[in-house]
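Comments concern the structure below.
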Amino acid sequence: MSRARFLPAVVFFGLLLTLPWWLRDAYLQQIVFRVVIFAILGIAWNLVGGYAGQLSLGHVAYFGIGAYSVALFHETWDWNPWLGTLAGVVLACLAALLIGSLTFRLRGPYFVLSTIAAAEILRLLALNLSFTHGAIGMIAPGFFEEPNGDRKTYYAALPLLFLAFALTVWTHRSRFGYYLRAIRENEDTAMAVGINPAVEKLKALLFSAALVAAAGALYAGVFQFIGPDSVLAIDMSVQMALIAMLGGAATVWGPIVGAVVLTVAAEALKTYLERAHTFFYGLLLVLVVLFLPGGLVSIAKQRWFRRTAPRAQAA
Amino acid sequence: MSSEVLLEVEAITAFYGDFQALFGLSFQVRTAEVVALLGGNGAGKTTCLRVISGLLRPKSGRVRFLGQDITGLSPAEIVDLGIAHVPEGRQLFPEMSVEENLWLGSYLPRARKRRRENVARMFALFPRLAERRRQVAGTLSGGEQQMVAIARGMMSEPKLLLLDEPSLGLSPKLTEQTLAAVRELSKVVTVLIVEQKVMEGLEIADRGYVIENGKLVTEGAAAVLVADKGIREAYLGL
Amino acid sequence: MAPLLQLKHVVKRFGGLLATNDVSFDVEEGEVVFIIGPNGAGKTTLFNLISGYVTADSGEILYQGQNIVGLKPYQTTRLGIGRTFQIVKPLPSLTVRENVMLGSFLHARSRAEAGKKADEVLGFLGLDRRADQLASGLPLAQRKLLEVARALATGAKLLLLDEVMAGLNPTESAEVVTLLRKLKDFGVTAVGGVEHIMRVVMALASRVVVMDQGGKLAEGSPQAVVHDPRVVEAYLGSKYQKGGAPP
Amino acid sequence: MAALQAILNGILVGGIYALIAMGMALVFGVMRLVNFAHGAFLMVGMYVAYFGYTLFHINPYWGCALVGAALFMMGMAVYWLLIRRVMGQSDFLQILLTEGIALCLVGAAQLLFTGDYRSISLPLADKTANLGPLNFNVAYGVSFVIAVLGVTSMYLYMKYTEMGRAIRGVAQNPGVAPLMGIRVRWISGISFAFGVACAGGAGALLLPVFYVNPTIGSPYNLKSFVIVVLGGMGSVEGAALGGLILGVTEGLTAYYWSDSYTQVVDFVLFLAVLLLRPQGLFGKKAP
C-alpha cells in the first residue's frame, strides 16, 4: 500500500528524466520546461497559500529577486549564474523575513493587499532605479554553454522540482504541515495547541520564497533577458495562485496538475487566439472559484471516495 | 378578551448546522394578548423568534399569521405583513442618529406614509429619545438603546411585536421602566416577549409558555405560572 | 501547597465596558470548578484572560505560582493550560486522530509518539472507535469531546472548558459529565464555564463561582450557591424573591 | 510657490481619486468585499467614453453620467451573475473571483481593442488657466469639478434618500437590516453597481487627460486600495478625503523627488497605515 503511494511520483519523475529521449521536438520540450517551472512556482505558492491559507498575491517579488540577482551580480561583479542563484535565494529569504514579519500581522483582504503592495514596490524600484536599467531590463547569463544548453538547464530544473515536491510530501505528513493547516482553519485554535502562528507562517514563507527565487533565477538563465514587466508583474503572482487553485490547494499533486493543465491549455489556445491569454486566465479563475474551489484533484478524490466508501463501511 | 388567533406556531423544528435548537414547538398568540416565552438560556426562545420573523428557516412545521402560512417567507415580506422583531442586544444602526434609526424602522412603503406621526408618537412614549433625537445611536446608554430598538420596531406599524430580552443588561430600575413602556404599547399591539427576568416578564403578560431544550414544558395564565415551581426548575436546573 | 491557579483582582475593560471587574478566586489541583453566569456575565472573557487571548488591564493571574499575565496563548498552552472553545472547530479535512495529534505534537518527538499519545487520549474519552473518521463527519457532542481530547493531548494540567455543555441534550451532557469526572484520574484540573445552572453541573462541581455583569457574585458549594438570593436574582430577576415561589 | 503648484496639481488629481475610491469604499462597507476588479471597471469606463466620443461625439464631461449609468447596469449584471455566489464565503474565494473578473475584462479589452494606447483630443486639454500665481490645465480643472460634484451628490444621496439610508443600514448592521424590511441582497447589488459606476464615471473623467489602454486600470486599483485604507475601510467620507491626501502626496513626491516614485511612496504610505493605524487616518477603532 505505502509503496503504491509512491508509484505516481516514480512514474512522473521517470517520465521527466527520460523526456529528452522520447520527446525530441524542441517546441514540445520547451513547453515541458515551462510546465516544470510553473509547477515549482505553484508548489511553492501552495505552501503559503494552500497549506497555511495565506492568500499571497505578491509572490512575484521573490521570483523577481531571484531573476534580478542572476543578472545584477553578473553585471556588477561578474558572478557566474550559480553564485547569482545562491545570492538570489538568500536575498529572497531576507526579503521574505521582512515582508512576512510585516504582512503576516494582517488578516484577510488587508494581508492580500499588503503582499501586492510589497511586490509592487519592488517592481517600481526595478523600473526606476538606474542600476536595474529600468524598463529596458537586463541581460542575464545562461547557465550552460551551447551545445545542448537548453537540455542541461532542463536537467538543472528537475532537481529543484523534485526538491519542491519532496518538501510538499514532507509538509503534508509532518507536524509542520499539520500546524500550517491548523493556522489556516483557525489561528485561535492553533494557538490553543501551542502553535506560534507567526513563526510557522514565516517558516512556510521562507521555504516558498527560496523555491520561487530559484525558479526565477532559472527563468533568467533560460530566457537571458529580464525586465520589470516580465519577472515582477503582478499577473505572475496571480498565475501562481491560479496554478495551485486549479489543481487543488493544499494537496500534494494539485500544483503539478494545475501547471500541466494550465500550460498545455494556454499553448493550445495560443494557436487559435494569439492575444487571449489574459482573458483565458481570468475566465479560468472565475470558473475555478465558482464551480471547482477544491481544484481538479478534488474531482479525482471524490470519485475515489465514492468507489471505496462502501467497502470501507463493510470492513 | 378577543379570541382571534393572530399567530400560530405549529410543530416547528429548527437547526443551526447539525445542532437541533427546536423540537416540534407549538403555541399560539391571540390578538391583543401579551404572551411571554420563558426558559433558561439556550432553551430555544431566541431561535423561535428568528423562525417567526423569517431570519431562520425551520426544518419542518408551520408558522401562520392571521390565518396565512408565512413559513419560508423572507423577513422583508413578514415585516410587511405586520410582524416586527426587536432582537436581543438592541442591534441598532450605531452610526446613525436616533431619528434615522426610527426612519429605517419605517423603511417599508406602507409605513413611510405616517412616518412623522409615528416618530412623534414614539417620542411621546419615550421623551428621553426626543431629547436625543440627533445623537448617534452607538453613543446612547443601554437603556436608551433599548428604547430606540423598541421604538424602531413600532415604526413599521406592526400587529405583532416580538421582543427579545428587552431587559438584558439593564438595571432593575431601567428594566421596570422598559417593561412599563411595553405594557403601554400592549394597548395598541399584540406582544410576544422573551424575558429572562421571569417575574417582571410575567407581570406584564397574560399568558406564558415555558420552554426547555427546544420543547414546551408548561403553559398557562401568567398568574398561575408565577406560582409554578417548574419555572424555577427550568431556569436554575434544580 | 499553593493553588494551581489564582486570580487576584483581575480587571479587563473593553472600551467603556467592564468585562471583568476585580475578580479573584483560586483553583486547587484536582478540583472541578464551574464558572456560571447568565449571557454576557464575562465567563468567556475570564477564560480568554487565563489562556492569554486577552491581556488583563490590572491584577494578577498566577499559574503554579507564576504570573502569566501578558503571555501569548501558545505560551500558556506550553505551560500546561489547555482550553476548548465555545464554537467547536475541528479541522474538517483531517481525521479525528490527526486532530488530536495537533495537540500531542507539542510534547512529542516524533509523529509516531504523537499518534500514540493521541490514541491514549481518544481511548480515555471513548472516541477511539472514531479515530480514523474525518472530523467533519462527527456529530456535535463528539466534536465537543474532540475539542477536549485535543486540549488533553497538549498535556494540559489545567483544562478550561468554555460552554462545554451548550447545544447538548440532557443525555449527551450526562455523558460528558461522566467523562469530566474521570479527568482527575488523568491528572487534570478542570474549570468549566456554563450559562445555565444545570443539574449535571451541580452534581459534578466541587465548587461554583457565579459571575454577573463582569463581577464575581458568589462562590461556594453548588447547593449553597443556587439558594443564594443574589444568584436567584441574577437569573430570574429581582421580583422573583418578593412575589415568588418558595424555594 | 512651486510647492503650492504641486499641491494644486495634487488636489486636482485627488478629486478624481476620491470618486474612484468612494466606489470601492461603498462596496467594502456594505458587502465586506474588496473588489479587485475596480480598476478594470474604470478601464471599461474609459473605453465606453472613448467610443462614445469617437463614434457619437459625446463629450466625456457630460457623457460621464451616461458612462456611469452604463457601468451601473454592468455592475448589476456582474453582481447577479457572479458576485452573489461568493457572498458569505471566504475572503480567499471572493478576492480570487474579483481578480478573475478583472483579468477577464482586461483580456476582453485586449482582444477587442488591442493593446494600443488611444486618446481623444478635446480643445480644452491644451488650455491653461490661472489661479492667482498658480496655473492649471483646464481639462484637469473641469474633471476635478465634475468629480467633486459626483462625490458630493453621492454623499448627499447616501445621507438623505431612503435607498441611501438603507445602504448605510446594511453597512452598519447587516444582521438586523432585514428586520426593517430591507432586502439585503438587493441593496448589496445596488451598492456594488454604484461602486462600479463610480469607477466608470471616473474613467470617463480621466479620458480627456490620459491615454486609455487595457491595462490602465491596475494602478488605479491599487491606488483606490491605498485611499480606502487611508480613509478607514468602508468609510465613504474617509475615502473622499483619502483621495485628496493621496493626490497631494503624489503631487509633492513628484515635485520634491521624481515623478516615477509617486507610486512607490503610495505603497509605502499604504503599508505604513495598514501596520500602524489599520483603522485608517480618520476612522474610529474597528468595532
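Every chain is named by a letter (A, B, C and D) in the order it is written, and numbering of its residues begins at 1.
Quick note on the criterion: a residue touches a chain if its C-beta (ideal position, glycine included) is under 8 Å from a C-beta of that chain, and two chains touch if they have at least 3 such contacts.
Every value quoted in this text rests on a predicted model; they were computed, and no experiment measured them.
Annotation of chain A and chain C: not jointly contacted by any chain, touch as defined at the top. Of all chain pairs, the one linked by the most C-beta contacts is A-D. Mean C-alpha positions place chain B and chain D at a centre distance of 42 Å. Centre-to-centre separation of chain A and chain D, using mean CA positions: 32 Å. Inter-chain spacing, taken between the CA centroids of chain C and chain D, is 49 Å.
Chain C has no residue in contact with two or more other chains.
Among the residues of chain B, none is found touching two or more other chains.
If touching chains are joined by edges, the resulting network of the protein chains shown is one closed cycle, each chain touching exactly two neighbours.
Per the contact rule defined earlier, chains pair up in contact as A-C, A-D, B-C, B-D.
Residue ranges on chain D touching chain B, taken from their complex, read 162, 165-166, 168-169, 172-173, 175-176, 178-183, 287. Note for the complex: chain C touches chain A at residues 51-53, 72-74, 77-78, 82-85, 89, 91-94, 98, 101-103, 105-106, 111, 114, 150-151, 153-154. Note for the complex: chain A touches chain C at residues 173-175, 178-179, 181-182, 185-186, 188-197, 250. Against chain C, in their complex, chain B makes its touches with residues 17-19, 40-42, 167-169, 172, 175, 196-201, 203, 213, 226-229, 231-232, 235-238.
On the chain B side of its complex with chain D, the touching residues are 53-55, 74-76, 79-80, 84-85, 87, 91-96, 100, 103-105, 107-108, 111-112, 152-153, 156.
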